[in-house]
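So that you can tell them apart, the chains are marked A, B and C in the order they are listed, and the count of residues begins at 1 in each.
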Amino acid sequence: MSKQTRLRAVLAAFAVLALALGLAACGSSDDNSDSTGTAGGGGGKAIVSNPANGKVSLKIGSKNFTEQIVLGEIYAQALEAAGYKVSTDLNLGSETVALAALKKGEISGYPEYASTALTSFFGVDPEKVPGNAQEAYNQANADFQKEGLVAFPPTPFASANAVGALKSTADKLGLKTVSDLQGKSQDLTLYGSPECRQRIDCLLGLQKYYNLQFKQFKPVDIALRYEVLDKGGSDTLSILFTTDAQLAAQADKYVILEDDKHVFPAGNVIFVTDPAIVKKAGPDYEATITKVQSGLTIPVMQELDARVDIDQQTPEAVAGEYLKESGYIK
Amino acid sequence: MTADPALPLSFLGLFGDAVNFIFNQQPAETGGGLAQVGGPHQVLDLASEQLKVTALALALSLAIAMPPALWLGHRGKGERLAIAVGNAGRAIPELALIAIMAAVIGVGLGNLTIALSVLGIPPILTNTYVGVSQVDRGAVDAARGMGMTEPEIVRKVEVPLAVPTIMSGVRTATINIVATATIAPLAGILTLGDFIIARNVYGDAGVLAGAILVALLALSLELILAGVQYLLTSPGLRARRA
Amino acid sequence: MTSGIALAQVVLHNRSNPDCIQRNDIFCPGWAIDNIDRYVDPTVQHVVLVLASVGIGFAIAFTLALLAHRYRPLSTPFLAATGVLYTIPSIAFFFLLLPITGRGRTTAIIALTAFTLQIIYRNIMTGLNNVPPDIRDAGSGMGLTQRQLLWRVELPLALPEIIAGLRVATVSTVAIATLAVFVNGGGLGTEIYTAGRLTFKTGIILAGGLAIAMALVFDFALVTFQRYATPWQRAVPT
């Protein structure tokens, strides 16, 4: 093969590679999800685009796990449908980072859990966090307003941490409530998120209020919270979330222990933002957010989380599906 | 966090916070600051864990890679294979390796050690092979002529002459392993990388502290290994190389 | 996914019969084919990261090497400096740069470039130093200036060694660029280290596989270029 022919061969190979990539980029992949064709609600539910909102730019933030990113996407896409100019900065970090970004004006608002706000920002004991969603919202909102921020009314669903185990483990050790771990926890390994070690509504609370000592606490990425149970054997516990899809889908495999001392308060999501932005953005800002979150019940939130974590769809796509299936966007 | 216009000053500020983080415990970034993080105790804990993990993985890599590489290099066979393993090893993305091991096998020290040694084996294998096979054939023949057995030739002639090349491979392997041990928290083993990966807990100061510590650890190891190489290189070779 | 009950008009999918993806089997080819376009953007970002880093790294290393070739005393400090940059793990480098250059592609490229410097610099130096002295003498004997000697004799002869260095640098950079996700630098790492994907086996294998394939393609391209550009040499395995 002469040099010239070799060079041509190389160029041809690159052309083929480029062509393949180009085709992949242009090719559309159809998302075939079959559903039991439910009719959307009446036109009154749909978000109407208001051209006056086009002057307002909003940046929606979120913390860095699936449920938060889905929520951020839902709010962002809904506000965009209402005519606002929307950008996102999802995946910010912990609640401290998100709040700091909001206070600095880097984001317009983000979804926070009322319970997290009360325990992390405002120093409330987890047992004293109101169990009633409206009361928790009122208290958190009042505290936020003292900081120059404001919170919108809560979502229907609430999420909480929970101590989870394989059903076989729970049955073997006779565990129904977290208090049942007394006397047994020192032989068990607890897996949780890295933040769990520092939170009163997680490991600190288990140690302080339940007086539990574990053989070991191992921090792992929350993506692995079910993996560690699957592979860990019968001396493994894991911190799970009550809105996890796996709990509903595989109720015969995983169980959560009842939080009898109320150390893991359930938090409804409240959208925290700046009053100045609320004024500038007009009534559609709060109205769109409260409208679009009214469909987020626990089963629905579990379903959306499942579509990302289990079905491997992107949060952006899942948020879009939610808005369409619920009839908020045509 | 985007670049700040008052940049030089703010950078110094964060750098100062990072150094402070190393020497003084401070409230965690999350959970309302109820727990303390950082401080020399935690730093030493995590640093020693990273060293332990590196040592284990390096030992495993040496045990797996050296014997076949020495033997093949001595015989002069399998050059293609040795080179190919070296090239292939360089192409392995560490994030994917750690993630897939954690997802398939699970979290834990054993899995991590295996994953890390996958990254350590190629440079040791290739460099040991190349080093031994490129030893001056004249020296080998002379040794054979003096009546040395094959293993003796390897041990007394080829390896000492190949020390610079072999050690270069060991050093590369160590850097690869230390670097990947930084993301070991993704596989459940807490090393200095925890400061970087769990930024929700440690905050920006902690992340920068982690980066500084990891860099210092890697540089220190490299210096130590350079010293080991110097000591292992026979004086005759040292003179020639200088 | 099978159909399920509709609640509040959001369809709750029935997952009692999990398919390949929902079981998180080790590799689901069907999903991979259907969703390959999700990997196009990350792949393109990854290519940009690698080409930029190796390109800039080569430019810098080449300049350093020419300087050190001319002024011998420079070679040790240059080797040491590039060595330090090489030894610092890239992920630590990303976060050392973070306070200065912020999150994003620039930070990633700077750190990746720093990593390539020693490999390329050392290989260029070795290549130049390995030019047989009698060829140099012959060249000056023929009346070539030092500059002509460099560009017409020494560099072409050093080319195989230089390209060997580029190959190592490129392949290593492809692998390390997966870490760019930690500083929002894009790349194939985004398909691994993002919410919901850290345990997704098919996704990890696809992302890792694409990175390895990319490394092989670049390596092959460089080998081919070397064969084409140095017809007087047999192909030499590094």
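We adopt the following convention: contacts are C-beta pairs under 8 Å (C-beta built on N, C-alpha and C of every residue); 3 or more make two chains touch, one makes a residue touch a chain.
Quick caveat: nothing in here was measured; it's all calculated off a predicted structure.
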| item | value |
| --- | --- |
| Furthest chain, CA centroid comparison against chain C | A |
| Chain pair with more C-beta contacts, A-B versus B-C | B-C |
| Centroid distance [mean C-alpha coordinates] between chain B and chain A, Å | 37 |
| Distance from chain C to chain B - Cα centre to Cα centre, in angstrom | 19 |
| Residues of chain C whose C-beta touches two or more other chains | 198-200 |
| Chain A, residues touching no fewer than two other chains | 64, 221, 224, 227 |
| Where chain B touches two or more other chains, by residue | 102-103, 186 |
| Chain B residues within the chain A interface of the complex | 28-32, 34-35, 37, 102-103, 105-107, 185-186, 188, 190, 194, 197-201, 203 |
| Touching residues (chain side chain A, partner chain C) in the complex | 3, 6-7, 10, 14, 17, 21, 24-25, 27-29, 33-36, 38-41, 64-66, 69, 91, 221, 223-224, 227, 245, 249, 295, 297, 299-300, 303-304, 306-312, 314-315, 322, 325-327 |
| Touch list for chain A against partner chain B, complex | 64, 93-97, 119-121, 123, 194-195, 197-202, 204, 218-221, 224, 227-228, 231-232 |
| Of chain B, residues touching chain C in the complex | 1-3, 7, 10-11, 14-15, 79-80, 83, 87, 90-97, 99-100, 102-104, 175, 178-179, 182-183, 186, 193, 196, 204, 207-208, 210-212, 214-215, 218-219, 222 |
| Chain C - residues contacting chain A, complex | 1-13, 15-16, 18, 21-22, 31, 34-38, 40, 43-44, 194-200, 202-203, 217, 221, 224-225, 227-228, 231 |
